[in-house]
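In what follows, chain A forms one complex with chain B and a second complex with chain C.
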Partner chain A sequence: MTKPLALAIKWVLIVATLAGILWIATKLAQAGNTMAVVIAGLVGMGILAVYSTRRSVPLKYLVPGLLFMILFQLWPVLYTASLSTTNYGDGHLYSKEESVTDIIAQSVREVPGTPRYKMSVAIAEGGDPVTADLVLLLTKPDGSTYVGDKSGLKPLPASGVEKTSIGKITKAPGYTVLTARQANARSKDLSAIAVPTSDGGGIKPVGLSEAFEGKATVTYDASADKLTDAGTTPPTVYAPKDAKWVNVADPTQSFPQGWKENIGLANYSRIFTDSTIRSGFLSIFIWNIAFAILSVLTTFLLGMLIALLFNDPRLRGKAIYRSLLILPYALPGFVTALVWKGMFNQDYGIINQTLNISVDWLGTPAGAKAAILITNLWLGFPYMFIVCTGALQSIPQDVREAATIDGANAFRTLRSIIMPLLLVAVGPLLLASFAFNFNNFGLIYLLTKGGPFNGADTSIGSSDLLITYAFRLAFSGSAPNYGFAAAVSVIIFLLVALMSIPGFRRTKALEEVN
Partner chain B sequence: MATVNAPVPADPRMDTRIEEETGASTPVSPKRGGLGGSVWWRHALGILALMWALFPILFIYSAATNPSGTLNTASLWPSGFSTKNFTDLFNDSSRPFWTWYKNSMIISFVGALGAVFLGACAAFAFSRLRFKGRRGGMMFLLLTTFFPALLAIVATYIIFAAIGDVLPALGLNTVTGLILAYLGGALGANVWLLKGYFDTVPRELDEAAIVDGASHARIFFTMTLRLVMPILVTVFMLVFVGLYGEFMLASVFLTDVDNQTLGVGLYGMTLGNDANTLFGRFTAGALLGSIPVMLLYLAFQRQLVGGLTTGSVK
Partner chain C sequence: MHKRALGAAAVTGVAALALSACGGSSPTTPSDTGAAGTSKAATTTGVPETPSGTAAPVRDANVDLVIWTDADRSKAVQKYADQFAAENGVTVKVQISTDTRAQFKDATKVGKGPDVIVGAHDWLGELVQNSTVAPVNLSSDVAAKFLPKAIEATKFNGQSYGVPYAVENIGLMYNKDLVPNPPKTMDELVATGEKLVKEGKAKQVLSQFVSKVGNAYFAYPYLSAFPEGGIFAIKPNGDYDPNKVIVNTPDSVKGGDVLAELGKKKVLSTNVDDTNQDALFDTKAAPFMISGPWSVAKAKEAGINYGIAPLPSLTGGGAMRPFLGVQMFYVSSKAKNAALAQEFVTNYIPRKDVQLALFEVGKRPPALKEAYAEVAASDPDVKAWYEAGVDGSPMPNIPAMNSVWGPFGQATADIIAGKAGAKERLDAAAKEITANIAKG
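Then we have the complex of A and B:
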């Protein structure tokens, strides 16, 4: 490659990257995210500085990987830590101001006699009709057109807008109008929409093609920090408490819209003080440790035994054995777990049928744990078999011969010579395997989902690992609690750190960096 | 985790050594005590081990070719050969099997390619260049391998939801977004594997090239990358297989049935009341879905055995 050509490629890449960053920055600016624009700008300048000058050659090679690592690995970790001190989750997704605006807009009641708008349900152009935020395209009785969403009502320029004879908008530049069927499928989102208007009222949809403008019954008194609902007699007063608006007269009543706020270490203290969570967390933790240790032990023992079995120079066909024994390891993990789930089925599964038993494998705590360990044994023994085979072959033959000459029988040689040497070689791998199994989400989630669950308590399963528990807190429940899930994640981080310190210290790898 | 006594990771030379040691040319040691000179009992136990290793795979095959295609009629031994489950699977419009397959392939391929490139760049810097914080950097990368990215999944989810608000093409429920999230973990163990191999390429080659007037970029792209091709292939495979089987992040990211991977899609077939009737189709899909990874394993067994003994996978 000639030098000018290489230089040209280099500059094309630099300019393309910078153009991409500029494009992202404009998008961010449109969304009003100043902080992110500044960061994007700094990243762009950094890239330009690293690649256009000769100052730092190592950085030229490290920056691409580091950028991804910082953005999608380190930042999420730090963000997890900061989330864990908030109440972010169901009912606490927005700021306090947004909760006030939303509550007021939701309380809108139609004032009798006011004219109605013609309405079309739409989304921003290019969005997914199933998930994108809905906007309302509205036509006043006088023919003027508007677009409204959660942030407010804006006039819609008439150019390019097409309407039916009754004034319903069918086409508007920048928006995709949903069909009646698509809009109907979003009826739940539609009923939650209330477009706030400047005079404290709001516009709400009626059915799929009309909307009314009404007055809010709830008012906000900023100086007293209280909401008053005039729609009831007498008016109800709501005051902020625990990041929610709670009825002063009857504290059991509150609006569903709370807000996100910093709650310090409350998530952590909840883990250790709330008796249900504490006992559940403790039992999950014990099973988590037991699972990781038993998995390592069983897979290692079986793998080692098979490796010893084939560790005989006279044995023929070792390559075929090895190719076939590696197959369980070669199946994708999800296939293994899901197929074993089928095989463990109490009524139809082939394990019960073949052995002619009727064990409720996945429905009882002990059965589920046994099923998990058996599946993991099948999944993990080929790895240990390969590792042990490699280690056994690195043990010099003369050591064994010396033992034989000294009169040691086969068993004694195995116990006193081979095992210690083997353990030295595979010890770090056993630690790594322990660390992997400690957070073996896929196996547990696909096989038992953490279940079976004890009675009505669906938050703590009897085969849960900490990681599946945290996952369920965040994603599976009807009321996700991101903050609490993040706190559990941070605790797992700390536990992994505590457990890996001894292994990390012993690893000579650090000294090998030359 | 790098190991104490293990040889250089995935060094093909190590495998040849294993082959030599286990090969027929090894002198037969004198008859030792214990269970005598015959090896038939080893074969007997070996076949027992094979039965344990292979019976679920036989079951997958039997269930996939089972004409009835339900879980309760599935048996260990094939009860007749039928392709009904396969055709049912391909014609199920609510479960676009080939789209899942394509998504899995794209995600694993692009993700592995990206990881190899990012990792090779970083490994070149750590192996060939001298700079402040080099040792610290390697230690830090080792440290990150102890903490799987999935621990930060809640934050990752929220971050990508926010990205999706601004750039819909990179947010949740997109294949590109998922690849970006995977690339966050591209360094770590991979750099250790790669650097170990980079170190075995003699520095004298670099020095000769520098004397000839080659720039660092020229050395890296036209010389080093070619010399370390075996380890690039190995790391590509390891990452490919890892991403192909990844479930947690994929299941959180990909909610639309058309964007899902094989793992997420097939998982959906084992849920709820349909699990029994869909079992044949599920195993047919599982069988087809396993083929790429199984072929890779069998074709690159030697490299894998070498790579595995360094403990950098699973």
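Then we have the complex of A and C:
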């Protein structure tokens, strides 16, 4: 390749990357995230500095990897960690101010005995539909017409007023009736309108053609930081407690809308102090490790045995057998898991029916665990089979022959020659398989959903993995609590990280065999 | 080496975090079951925008009104949305959401939610708790045109939050070829069924969704057949009281004892779940099935000569009273087009033709009295479903109900499986539910 062409390609790529970053930055700016825009800018400048100059050659190779690692690995970890120190979850999604606004807005009730008005949204004639003060043109059920604005309700002389058959005013002298689209564009102003009435309520629009007289029963006293609901007799007072508005007189009552706040390490201390969670966490953790180890062992052993079998030069038709064996791997795992779930059914499943037994596979802890391991063996052995076949074929024939000449029998050859060489090749894959199974969410979720659940605690299932447990905490179960689930995720992350370190040390040792 | 180890650890850790971040499941409520049951019959061709995969739809910024609904109802909603658009000179977009409940919450949180959603009434407490829905003030004369229980279901803490369009509940489906007249009592049902099994005409008495983890929605009628039995006590103002859990009152335990007895007789089994419930009835293995309108299409397809009857009554108690589920239109509290959204929901959904069109896609009894009367006159199934639910009460829409599904469901499964006695197990469930509510 000629030099100018290479240079041109280089600059095209740099410009394209910068344009991409600019596009992301504009999106971030639209979302109002200033900090992220600044960071995007810095990243763009960094890329320009690294690639446009001849200096810092190692960085040229490292930057893409680093950027993606920060974006897709470091950032989620940090974000989860920061979330884990909050009470973020159902009922605690927004700020305290928003909870107050929302509670007051939702407390508006129709004042009993007041009429419903037919309504049109209008502005004073000659005003700008986008900015002019809105007025409501109202028709009472008896046909009398009014104009309502901030100052109150005034009668509208009937002369020159045109109405539809249901009484909605379409034309009134001195006013311009807004179209649906114009009125809709002022939705924010419309929801703020309340034409004051003598009894302290306000006439508020419902949609674009009706209005009612409503009154908010809840008021907020900012100085005392208390909400008062006048809708009850006597009025109920609510004060903030545990990120919720709690009834002062009766602490079991509270408004459902709470707010998000920082709660420090409370989520972590809950994991370690709540006895159900602690004991549950421990049993889940033990099963999780057992599941991952057993899954890797069983699939590897079966896969390897079959691979050894099919590696024998005397066997004919290997191609057919091999393709058949890969089938379970080729089918989507979701389908397979669901089919197995059906087969494990105690009454209608093919397994119990053929074997003429009545094992409650999915209803007992031991049965569920066995069912999961069996299904995972079916799903996982073809992978190990492929990997082992590849590795076996790369072991030179002369090494085996040398072993035979030295007088080793078949088993001895396998144990002392083939296995060590095989493990060098598949060792890292076994570790990866362990890590994958450690978080094998799909299998558990499709087969047992973590169940069966024992006795009086449905938060902890006997076939739960940490990941399915965290998922249930965050997204289903009693009250979705992202903050707590984030804390559990952080702990899982630390556990997996700690377990991986010795594993990779061991891999290094294996590599030294070569 | 350390770097690599940490890198790999980070990969797996992030996978864990990603998994816990991407999902969006909510407790399986019967309304979900219903939607899943009917989805096959509906087509999604035509105007409504179909999302790829299960991702949430992306809000179109240039549209005046955005409505989210599931695939089944999208066509009917689209038709009237178009009419509304033409009448008011605006543009309306109906988008299909695969999991409206979760996607609406998440999208609204980041300011990308729709203006109107179609959903079940039992989402209400959670939606209010998360500040995602706005009150909808129907005038009293319009509200009076609806079934009172449907209007009741759209209220939370005395405030009204939407306009209902359909009511659904479970009932007893029976195979007319095997059972000419539906049984009035559970004893009669069991006797009839057992006779058929003995004669070799059926393999089991009843098909009812129980599953290994239990199903609170289907188990509730056994408790409600007794006067003081149920899940939550009722407050003086008619709302459910989250502080009074009654799953272990003596009357509720009586219902639990019935579950235990039926479990012992193999009438109820934890091996029947959503995957085989319909199949058992549709292959004539079971002459009876307790299910809802969503099962009708499949039974029809299988050529079953089915009948629909109210749930039977239990000895020592009254009739089993099912939960009512109400389908309704909500307006988002963060709606960008609040005025049009309110206008559409309050002025269009209470119309008879709209309610009839929505009936056609789900076959659930309409919530508007006038529309129901018209449909019931020509469709005996609808009348039968409605009558099966006449005594039912709306499913609790308070957020505390989320704490009930798991523990109560599991308790009923354990009782049916004979793992524990009714009293002991329901006591434990009550304790867990109370503790969960206190935590939430």
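Here, the second predicted complex is superposed on the first by the 322 of 514 C-alpha atoms of A that agree within 3 Å, B and C clash if a C-alpha of one lies under 4 Å from a C-alpha of the other, contacts with A are read in each partner's own complex, and residues count from 1 in each chain.
Operating definition for what follows: a residue touches a chain if its C-beta (ideal position, glycine included) is under 8 Å from a C-beta of that chain, and two chains touch if they have at least 3 such contacts.
From a predicted model like this one, the values you see are computed outputs, not experimental measurements.
Of the two partner chains placed around the shared chain by superposition, neither chain B nor chain C is touched by A:K154. In the superposed model, A:F334 lies in contact with chain B only, and not with chain C. In the superposition on chain A, A:A474 contacts both chain B and chain C. By the touch criterion defined above, A:R415 lies against neither chain B nor chain C after alignment on the C-alpha atoms of chain A. In the superposition on chain A, A:D347 makes contact with both chain B and chain C.
By the touch criterion defined above, A:A485 reaches both chain B and chain C. Of the two partner chains placed by superposition, only chain B is touched by A:V424; chain C is not. In the superposition on chain A, A:A497 makes contact with both chain B and chain C. Of the two partner chains placed by superposition, chain B and chain C are both touched by A:T80. Comparing chain B with chain C, more residues of chain A are touched by B. Chain A residues in contact with chain B (one complex) as well as with chain C (other complex) are 69, 72-73, 76-77, 80, 338, 341-342, 345, 347-348, 431-432, 435-436, 439, 441, 467, 470-471, 474-475, 485-486, 489, 492-493, 496-497, 500, 503-504, 508.
By the touch rule above, chain A contacts chain C in their complex via residues 69, 72-74, 76-77, 80, 90-91, 93-94, 98-99, 102, 105-110, 116, 121, 179-181, 183-184, 186-188, 190-191, 205-210, 212, 214, 231, 252, 256-258, 338, 341-342, 345-348, 360, 362-363, 431-432, 435-436, 438-439, 441, 448-449, 451-453, 455-459, 466-467, 470-471, 474-479, 485-486, 489, 492-493, 496-497, 500-501, 503-505, 508. Residue ranges on chain C touching chain A, taken from their complex, read 1-2, 4-21, 23-27, 64-65, 88-90, 102, 109, 125-126, 128-131, 134-137, 139, 141, 157-159, 212-213, 243, 269-271, 275-276, 333, 335-347, 399, 402-403, 406-407, 409-410, 414, 417, 420, 425, 428-429, 431-432, 436-437, 439-440. Listed in rising order, the residues of chain A touching chain B in the complex are 1, 6, 10, 24, 27-28, 30-31, 33, 36, 56-58, 60-62, 64-66, 68-69, 71-73, 75-77, 79-80, 83, 88, 126-128, 130-131, 306, 309-310, 312-315, 318, 321-336, 338-343, 345, 347-350, 353-354, 378, 380-383, 386-387, 389-391, 393-394, 397, 401, 404, 409-411, 424-425, 427-429, 431-433, 435-436, 439, 441-442, 445-446, 467, 470-471, 474-475, 482, 485-486, 489, 492-493, 496-497, 500, 503-504, 507-510, 512-514. Those residues of chain B that touch chain A in the complex are listed here as 1-7, 18, 21-22, 26, 28-29, 32-35, 39, 42-43, 45-46, 49-50, 52-54, 56-57, 59-60, 63, 70-72, 74-76, 117-119, 121-122, 124-125, 129, 131, 134-135, 137-139, 142-144, 146-159, 165-168, 173, 180-181, 183-187, 191-192, 199, 216-218, 220, 222, 241, 244-248, 252, 255-256, 262-263, 266-267, 270, 275-276, 279, 282-283, 286, 289-290, 293-294, 296-298, 301, 304-305, 308-309, 311, 314.
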